[in-house]
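Next up: the structures, one after another.
In what follows, subunit A forms one complex with subunit B and a second complex with subunit C.
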Partner chain A sequence: MVSTTEAAPPIATPAAAVFDRVRLLVLPVGFGVGLLLLWQALTVIFHYPKVILPAPSDIFAALTGNFAMICQQTIPTMRDALAGFALAAVFGIAMASLFSFNKLLRAAIYPLIVVIQLVPKIAWTPLFIVWVGIGWQSRLTIATFIAFFPIFIAMMAGLEATDRSLVRLCQGLTTTRWRTFWLVRLPASMPYLFAGLKIAITLAVIGVIVAEFISASEGLGFLILRSAALLQTDVIFAAITVLCVLGLAFYGAVHAGEIAVRKWHGE
Partner chain B sequence: MITVSAETLAASPASASIAPQAAGYVVVEGVRKIYNAGSRQPVEAVAPTSFTVKAGEFVSLLGPSGCGKSTLLMMVAGLDAPSQGTVSVAGRAMTSPRAETGIMFQDPTLLPWKTAIENVVFPFRAMNRPVALAFDRAGALLDQVGLHGFHHHKPRQLSGGMRQRVAICRALVYEPDLLLMDEPFSALDAITRDEMNLVLMKMWQEHRRTALFVTHSIREAVYLSDRVLVMSRRPGRIIEDVRIPFARPRGLEIGETVEFNEICGHLRSKIEHVPH
Partner chain C sequence: MSDIGALPAIETPLRRDFWLDLGDLGRRGVGLVAPPAVAATVLLGGWELLSRGGFLSARLLPAPSKIFDTLVRSLGVLMEQAQPTFWGALAGILCAAALGIALGLAVSYSRTLMEAVYPTIVVFQLIPKVALAPVFLLWFGTGFAANVIFSVFIAFFPVVVATITGLQAAPANYERLCRSLMMSRLRMFLTVKFPFALPHIFSGLRIGVTFAVIGVVLGEFITAQTGLGYIILFAANNFETALLLAGILLLCGVGIVLFVFFLALETIVYRAYDSR
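Presenting the complex of A and B:
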């Protein structure tokens, strides 16, 4: 009577199902490992100069050899990206909520935001440095600025996609607009919000790195640029590796939040 | 603030709190609805229509799809404003929704992230009333509609019929004096629909609210109602007012009687020969 669990396909045996799942994980991981081995083999066989293309083993050595220094440089990058992401989330959610209450404000400002969203925002980076200086403030501002748009737009979409009949139900119950927002529209928009947050967390890291390229005396972006000047290509790759791990961890955390929200929504 | 325990809810006699002197509990007078008024192509959804529903009466609005019966119901709910005419409920002109009206829509319109019992007590949260006391009553209502053991299931874990049962409980939990239902069972299959009619009948028998029920099913209207109002095609207006004589409680077997089928036949002929 109750369809809580989706029935497994009747033909597939449990073993086949396990194989399917394993294949989904093993294939891409195996391909990645294979690629690394090929890279290692090619650099060893053809004696590529380390400055141009270090072998994975060189990169690993650079990572472990400079571990303390790289960790030290990771902290400001991580801090600015996360703080920018958090600020963007606060602004994005607040502004979208405000617009859902005030149609006039929405009509006046929303089209402008959509237009700005289409502009390559990274091009604004030098401007922010002119305006707020070369300290961490400019990195934070840029990360916030570019992470804001996907969050704001996803939140707008979520609030506007709220089931019309649920809103009507609230009208019938003489619910105030604020309570309708709090009880229905806000929770209904959560899956949309998380789609925006996933994009935003990636953009926040990109924003900080670009800002560090332009002006910084610390951070992974700074480390990459300085290592390039010193022709320490292996350190560049080590920094990129750390950035990859960092980006994946952030994305994974938001993704886990999304799964939790979708589960809460009964999906 | 309303604080009534589950016992008084179950024991509340028919229309105890309803003014008996009122000629009609719901009075619809010369109500007309025109969409896109002032444009080049105004659409008259409801032609000037008048009817009344007495306190404690179960009345159905029966008509073909798109005849304006739902529009009429939404105007009684105060969710839509008439272009002309007036609607009054319990002696008060309807200009906005009133908290004492319970509404059921075509969809169950449940919050997907809330459990069945949380959905039933939702009106208390929505109206900012103390919710703690409502849980006992919500649980009792869910048991009455046969959802014992499903209190903590989320809507997605329930079948369509079960969801609509939750919606019935939600419409009754805050003890509205008027129940408005907009084709609540039209999305369900025929067997579930019969089942839901039984559940609704049982709940109405026990709680006795004035009820206005919109449907395009002739048999459903005859089975449930004290009176059936037949509406014409758009622009809708009431062309027939038929009293249904069967005693209550009614079993589904009355559907097999000659009298029941004669009434259905009469209503069908009215709908089919509707002048435009």
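Presenting the complex of A and C:
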């Protein structure tokens, strides 16, 4: 049988397509490298004191020189951030699902959560330290608290954005509510959920860092603040570099999870 | 006879009494507001009763009445400390808005520039910028200015990203129409691209407002000299939880005032665009 929908010939020649793809990669990388080179050149030419603005080469030297120490401080920060993110995901998804089953609960509690969500949540950090103490428990609580809201709100929006006619179809077919949730509402909410998870993973790291600024004797936040007190600016930037790399890696992991879920659902 | 009497019943949905309409609106409003109001009352009441009954430690979670009492009694001090926070956040978001929108416009002018710069901005958006707070204090001192600069730095990125996204939001057909009408780039920008970008820009600004408040409060946490952040941290260190919660409450007020300010601005700008 001859297929009637033959693929249209590509408008751009293969060479142009390759050039376009290379361009999309080369331009941003070139810009980033250019910024770093400019930074290096400026610090060398104007002899900025290392205390104020260390050159990228100084930062790299500080990173390799203190690598063991930085790694050691990275572990508690990442542990708390990831555990907080995981807890927030569990709570957020569970609560949003519960609200999608019970309308009264949703009408009563959801507006309150939206209002609480408006408060700058970083400001709650000292309160959690009063409640839970200055140990890792308070950092975990703060990370969970901060990461909860985007996940919960995104999941609520996703469950509500389900195609009405699909839900009505399920009702017409007398599908149970649980099956409707599992087969229709949950898959429809996935893009929203992952958008929320992506925000939440960066917020979880921020929450732990702020808590470590305020009270901690370990972790990257503590290292940054201590290095600031010792005027070791190169160590601060080395710690921030590690933080950025890990933050991007976490974000990438959530993104990979999204792609995996999509593929699994599509098949 | 009876079928004539039934006629007005058909007419009612077409011409409804104004008061009837208002009543319906009110009923729907009550349906929307009543459940959360009841839930909030139950929560606050239960909290109050539990702490009155001595089930909650006054040191860890003082009763709502105690918090309100503290808020009223220390209102003078709290308002005085709210000033640097409020003005700092306002200055922060205004500068971030000006810089962010300007950079977004500049970058969107050329496709090459955008492809080069946009990924870098997105990466900056993702990394925990909060960690840079101590560096800003090292650079700009521990005063009001350092807090504002840090808050500009934090609030800037959502605005830029929103502006760039918004300027790409105009449907391609509109742009094609403009081009076939030989419209100048400037006019196309003013009449098509910018109006389509406005909702995105304002949603970026709304995120930016909360970020600006966070930036100022974080600066106050670290330097601990003035502001609501200082009060909150001071109260936490002295276990004055009522004062701490009163400080958070007032900070919410600051956030809400700024948020409403930008909502009002949004309405005004939209109306200005509609009337043209």
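As a convention for this text, the second predicted complex is superposed on the first by the 250 of 267 C-alpha atoms of A that agree within 3 Å, B and C clash if a C-alpha of one lies under 4 Å from a C-alpha of the other, contacts with A are read in each partner's own complex, and residues count from 1 in each chain.
Here is the rule we use: a contact is a pair of C-beta atoms (placed from the backbone, for glycine too) under 8 Å apart; a residue touches a chain by one contact, two chains touch by 3 or more.
No experiment lies behind these values; they were computed from the predicted model shown.
Using the contact criterion defined above for the overlaid structures, shared-chain residue A:247 touches subunit C, although it does not reach subunit B. Touch criterion met: A:126 reaches subunit C, while subunit B stays clear of it. Using the contact criterion defined above for the overlaid structures, shared-chain residue A:135 touches neither subunit B nor subunit C, since it reaches no partner. In the superposition on chain A, A:228 makes contact with subunit C only, not with subunit B. In the superposed model, A:210 lies in contact with subunit C only, and not with subunit B. Judged by the touch definition given at the top, the superposed model places A:27 against subunit C, while subunit B stays out of reach.
For subunit A, the partner with contacts to more residues, out of subunit B and subunit C, is C. Look at A:109: by the touch rule set out above, it reaches subunit C but stays clear of subunit B. Using the contact criterion defined above for the overlaid structures, shared-chain residue A:49 touches neither subunit B nor subunit C, since it reaches no partner.
No residue of subunit A lies at the contact with subunit B in one complex and also at the contact with subunit C in the other.
Those residues of subunit A that touch subunit C in the shared complex are 23-24, 27-28, 30-32, 35, 51-53, 104, 107-112, 118-120, 122-127, 129-131, 202, 205-206, 209-210, 213-214, 220-221, 224-225, 227-228, 231, 233, 236-237, 239-240, 243-244, 247-248, 251. Contact residues of subunit B toward subunit A in the complex are 77-79, 96-99, 101, 103, 105, 107, 109, 111-113, 122-123, 125-128, 150, 153-159. Subunit A contributes residues 1-4, 163, 165-166, 168-176, 179-180, 183-184, 187-188, 264-267 to its touches with subunit B in the complex. On the subunit C side of its complex with subunit A, the touching residues are 31-32, 35-36, 38-40, 43, 60-61, 112, 115-120, 123, 126-128, 130-135, 137-139, 210, 213-214, 217-218, 221-222, 228-229, 232-233, 235-236, 239, 241, 244-245, 247-248, 251-252, 255-256, 259.
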